[in-house]
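Some structures are shown below for you to check.
Here come two complexes built around chain A, the first alongside chain B, the second alongside chain C.
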Partner chain A sequence: MIDFGFALKQTRQENLDKVSLEKYHKLLELEPSFKRCFQCGNCSATCSARQFTDFSIRRVHTSFRRGEYDGLAQELRKCMLCGKCTLVCPRGVNLRSLIINMRQILDETEK
Partner chain B sequence: MKIHAYPYNDFVIPFLIGTVLLFAIIIFKYVKWIRRFSDEQRKVIRSNWYSWKIFPAIWEMIREGLIHVRIIKKNLLLGIMHQAFALGWFLLIVVGAIESRDAFFTMQHEQSIEYVRELQQQNGWHVYNTGEDKNPEYLNQRRYRVETEGGIARIEYKRPFYVGIFYRYFVHKAPASFRQHKAYSDLMDALLLYVFLGLTMAMVKIFWSKILGMRRTTKHTLVDRFAKFSLWMIFPMRLLAESVTACLYGNGGFFTQAVGNLFDPMIVRGLETSVWMLYSLMLGVFFVTMPFTRYMHIFTELLLIYFRKIGVTEGDKKTGYTYFELNACSRCGVCISGCPMDKVLENHEIQSVYLIRSLRNQERVSRLKMIADNCLMCDRCTVDCPVGIDLSSLRRMTRDKGKLDTTGNYEYLAKKQTPFNAIGRVAYFGGCMSHLTPGITESMEKIFNAAGQKYWYMDKLRTICCGRPLQQQGFLKQAEELRQKNTEMIEKSGSTMLVTSCPICYQSFKKEYNLNIPIMHHTEYIDMLIKQGRLKVRHDDRKVSYHDPCELGRGCGIYDEPREVLGAVTNLQKTRFQREKSVCCGFNLGNTKLSLEEQTAIRNASLQNLTSKPVDAIVTACPMCKKAFQHATNDYPVRDIAEVVAENLIN
Partner chain C sequence: MKKVAIIGAGPAGIEAASILARNGVEVTLFEKSETPLKNLQDKAFLFPNFQSAQEIIDDLSGKLLTDRITTAFGVDIADVKWQGAEWKLVDSKEQTYVADAVLIATGYQVFDAHRKEELGYGIYKGVITSLDMEQMIKHGKILNANGDEPKRVTFLQCVGSRDEKSGNHYCSKICCVTAVKQAIEVRKQLPKCEASVFYMDLRMWGQGFEEMYRTAQEKYGVSFVRGRISEAAGTFDGRVQLKSEDTLMGLPLKMNTDLLVLMVGMEASCGTKVLGKACDISGDYGFIKSVNPHLYDNETGKPGLFAAGTCKRPMSVSDSINDARSAALAIKDYLDTIKIEN
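Let's look at the complex of A and B:
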C-alpha cells in the first residue's frame, strides 16, 4: 500500500568535490549518444518492467550521471532489454547499449 | 619367377610428405573436435549416423561441395569459378586414377618384357626379380636388371597411389593395346583447361570482383594468401610438367601437346624431372598449409554437411560441431555482398566471414567483441552461406555475457501475473513492440471478433518480454527465466493456440520455447482464417509493396502466407529485394552498437527498395519494422498486414 502520510526524509546533500564521475565519463565514451539525453522520461513511461515493479530507467541513468552508483547494478537487472525505450527516445539515445554498458562498468568496478 | 615393376622417382617425396602430414593433422583435429561434441549431439549422431538420412547428406555433399549449386543459383559466373576449382580438380584426380588403373590393367595383360625394359630405361621404373630363386644380393640394390629365364616370367606392375597424379611422367608411351590413351589424355587436358578457366576467373576477381557479382571480396591474411598462391601455382606447374614431357615423348593431349610443341626438346630434356619436382613441391606445400588456412574447408565442409543433415544442431555453448562450422568456412565472401552493414554503412570488418576467422584464429578479445556485437542479426548472410553454417548462432555464442548474466532477476513479475482461464480460446500475444503500434493489436482484436474466435489477449495490460532480445545479447540465463514465466502463464491458461503479432516473439516461441500448442504469427493465422472462409474480406485497388521482416522471413521461413493474404485483399507489387533478399529495416534488436544515424541509413536503403515502384502503401508484418518506416516517411502510409485486412473486412 502506498502511504500518503508525511515523513521526514533524510537529507541528500552532495559534496560535489567528492563525487567521482569517472564511471560516467567511461560510459559516455562507450555510448556517446547518452550526451543527448534531456531526461524527458519517455523511456520510463514506456518501460515493460515498470508495469510490474517500481523500476525507473530514467532514475537509474540520472543517478549514474550524478555519480550515485549505490544499488544501481541490482536495479538494472530488472530490465528485460525489450528495446521499447530505445525506440521511443526522442533524442536517439541507444538505451539498450547504455544499459548493457552501465551493467558492465558497474560490474567491472565492483571488485 | 616374378618380375616386379614399380614406378618411382625422387620428385614424389614432397608430395608424399605433404599428403602424410595433411591427413595426420586433419585426422588429429577431427578426433579432437568429435570428442568435444555435447551429449545431445552425440545422441543425435549415434541414432542417425547410419540411417536413410545419409543419402540426402551425400547428395548435398555432391551438390554443394562439388557442383556448388547454391552459388550458381545466386550468380552463375561466381558459381562456375568455384565449381571449376572443386569439380575440376576432383575430376582430375578421379579421372587420373581411373586412367592409370586402366593403363596398368593393360600392361599387366600384355606381359611384354620389352615394355618393362623400356619403362626401366626411359622412365626410371624400379624393376626387379623375385620368386622362389630370389637372389638376396639383388634385393639389396636400388636398381635391378630384368632377367628372364627363357622368357617365362610373370610381370607384376605395382601401382602406388601417386601414379594418377604423375601419370604422364611414369608412362611416356602407353602400352600397345591401350587404345583409349588418346581419349584419356584429351579428357585430362579438357579438365585442366576447366580448372584454368576457374583460375583465370579467380584472378580477374581480385581486380574486378563486380564482374563475378561480388561487390567486395574477403580481405585475406598473409597465410591465406600464401596458401592461395601455392594452390594457384599447382595447375600451371602441372601444365608445364606435362607439356615438357609431351614435348619430349609426344604423349600429351590436345592442350599439353600444343604447349609442349612450343618448347625445344634439346633445351627441356635436362629439365624434365625438375619441372615435375616443382609440381610435386607445389602440391606438398599446399597440403601442408591446408589445415592451417581457409582451405581446411575442403574436407570439413563435407563432414559439416553430413552432421547437419543427420540432425546435429548448434547449441548455446561452443561444442565440437562449432569447430566443424568454423573450419568449414572457405571465406568465399559471399556473406559480404548482401550484408546491409557493408552495403549501406561501409563497415567492412564485422561480416560473418571475419567473425569466423576471428574465432578460428583466436584473435584479440576486444576485436572479437567488436565484431560480434556489431551485427543486426538479420540472417541475410545465413541464407547466402553456401555451406549452410549457422552464422547467427555462432555470433550469439560469441556474445555470451558470462558473469553479467545473472539469475533471479525477475521475481517481481510473479506478483502481478494473474492466472487466466482461457480454456478453448486462442491466446494472443502482442509483444512489447506491438504496444507501441496499437493499430496492430486493435486490428487483430477486430479480426478475432469478425472471425467469431474467442481469444485471450494475454499481454493487454502488461507484457513480459519473450526473452529473445536478451538471448540475442548473450544473457542466456536471464532469457530462460523470462521464458519460464511466459510458459507457465500460457500453460496454466489452457489456451489452444498461440497467435503473436511480433515476429521476434514468434521466432522465440517457435524455436526457444517448448510449448505444446500450435504457434502462429498473425499473417499465418489470418491466411488460415481466410482460407477456411471464416473471414470475409474484399479486394481493394491499392498497390502495395511488402517488406519481409528478418525474423519472420529468413528467421522462420514465412514468405508465402503474408503474400497470399495481401493477394486476397490488395494488389501486391514485387520489389527488387524481396523474400530472402529483403533488406533489414535497420532497427533489428540484434544490434546494440549502431547509432540512430546508422540505423536510419539502413532503413532508408530498405525504404528505397520498397518504394522503387509507385505504390500506395508500404506493408510489413512486424511492429518494429512498421515503427521504423513510419518515422521515415510521410509520403507513404505504413501498414501492418493485420491493419490492411481489418480495413477490408466485410461485416
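Let's look at the complex of A and C:
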C-alpha cells in the first residue's frame, strides 16, 4: 500500500458546521501566539522528531485548529520538546509551549 | 525662482525632478553615488513586461538634461533641518545647501542575507541572492558553484520579509513576481535547467503579474512548491541540500539544487533611516511615514518636507515613478502657497 503520509485521519469530508472547536479555543487562550500561524511548515521542516518518524508538527497543530483531535495525543508523544521549531517559526509561535498545552488539553479530556 | 532639493537619484527622485523642472521650479538633485539609478543598473529586465532596465535608465537619465536641474552626484546628505525661512541640507563633508522645499527619495536597500545563517549565504557558494541572480541573468552567465551550467535552480521567497526572526513583519511586495521573472529568464537562457519556486503565498497583485505566473507554469514549466525552506547545507560536490515541508502534501521534503536563490526583501536604505530620524518622520521599520496613506501620502507633517518612492515602503519601479509624480504635484502646490505669503 502506498503511504501518503496522512496517518492521522481517514480520508473523509471536513464538516466545519459540525466540529466542536472548544479545545482549540482553549488552546488559543493558553497559547495566544498560535493565532499568528500562517501554515508555512518551517516548524515541521526543521523538527528533530521528523528526522526519524513521519511526525509533522504542522499537520498536528492544523488538525487541532480544525477540531480533528483523534489520534493527536498519541502523535504528540513523538515530540521530544527540543524546541527547535520554536527557534525557526517566522511568526513567533511558541511551539514548545503550544505542544505542552495541546498535550494537557487532550489528556484532560481523555481522562 | 523657488528652489527644491531632491535627495536620491533613483527612479522616484529623477521623475519628480523632471516634472518640477518642467513646471518652472529650480531643482538640485543630490545622489550619494557617483552615478544615478544605481538600483536599476544591476537589473536585466523588469517585470511585468520584460523591458530592458537599460531602456528605463536611458529614458530617465535623458530627463535630467535640462538647465533647471542641477545634479550633485557623489554627495551624501546627512542632515536636513528647518531654519525658520528655508530648509538647510548638510552633507557628509559639512557642506550646506538651502531650499524652499525638500523631497526625500532615498529609497531602499536589500535585506542582508547573511542574517539568515541557516540558509547558508556566504557559507556555501551555491547559495546566492536575487540580486546576484539579476546580475547573472544580465551578463548571460548563470553558473553554479563549480562554474558549470546548473541543472536545477531553486528560488526561496520571503527571505528577510514576513519573518519575525529578522524583525520584518511586512511583505516586500516585489519579490514574488521577481522570482517568477527570474525563473522564466533561467528557463529561457538554459532550457535544460529545472526551475522551482518555494513559496508561502504567491502575491501577484499587479497588472500582468498573474499572467506571468501562468506563463511560467504553462510555457516555461517552472514548478511551484508550497513550503518554506528551513535549512540549507552544502554537499560534497558543491551543490546545496534543502530541507522543507511540502505543506500541500503534508510531507517533509528534501532536495538538492545547484543554486539556491534567496529572494531578499526590501528594507529602508541607510539614507532613509538617517534622514527619517533627523527629521523625526521615521515610521515602522525605518521607512518614512506619510501623514495619511489615502489622502496625503507624500506629506510628512513638516511643511515643505515631502517623501516619494521606496523610502516609504516597498514598491515597484512604476509605483515609485507614479508616487514621485504625485509628490511633484504636492510640492508645486506647496510652493504656490508660500509664494502668496512672501
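Heads up, the rule we're going with is that the second predicted complex is superposed on the first by the 100 of 111 C-alpha atoms of A that agree within 3 Å, B and C clash if a C-alpha of one lies under 4 Å from a C-alpha of the other, contacts with A are read in each partner's own complex, and residues count from 1 in each chain.
Quick note on the criterion: contacts are C-beta pairs under 8 Å (C-beta built on N, C-alpha and C of every residue); 3 or more make two chains touch, one makes a residue touch a chain.
Computed from a prediction, not measured in an experiment: that's the story for all the values here.
Once the two complexes are overlaid through chain A, chain B and chain C fit side by side, free of any clash as defined at the top of the document.
Of the two partner chains, chain C is the only one that A:S56 touches; chain B does not reach it. When the two complexes are overlaid on their common chain A, residue A:T46 makes contact with chain B and with chain C alike.
Judged by the touch definition given at the top, the superposed model places A:C82 against chain B, while chain C stays out of reach. Touch criterion met: A:S97 reaches chain B, while chain C stays clear of it. Working from the superposition on chain A, the chain A vertex angle toward chain B and chain C, CA centres, sits at 90° in steps of 10. In the superposed model, A:D107 makes contact with chain B only, not with chain C. Set against each other, chain B and chain C differ in how many residues of chain A they touch, and the higher count belongs to B. With chain A used as the common frame, chain B approaches chain C to a shortest CA-CA distance of 6 Å. Residue overlap on chain A between its contacts with chain B in one complex and with chain C in the other: 46, 88, 92.
The part of chain C that touches chain A in the complex is made up of residues 118, 158, 162-165, 200, 226-231, 243-247, 249-253.
Only residues 401, 403-404, 406, 409-410, 412-413, 415-416, 432-433, 435-436, 461-465, 467, 469-470, 473, 475, 478, 482, 587, 589, 592-597, 624, 627 of chain B touch chain A when the two sit together in their complex. Chain A contributes residues 33, 46, 48-49, 51-53, 55, 77-78, 80-84, 87-88, 92, 94, 96-97, 100, 103-104, 107 to its touches with chain B in the complex. Within the complex formed with chain C, the residues of chain A that make contact are 4-6, 38-42, 44-46, 50, 56, 58-59, 88-92.
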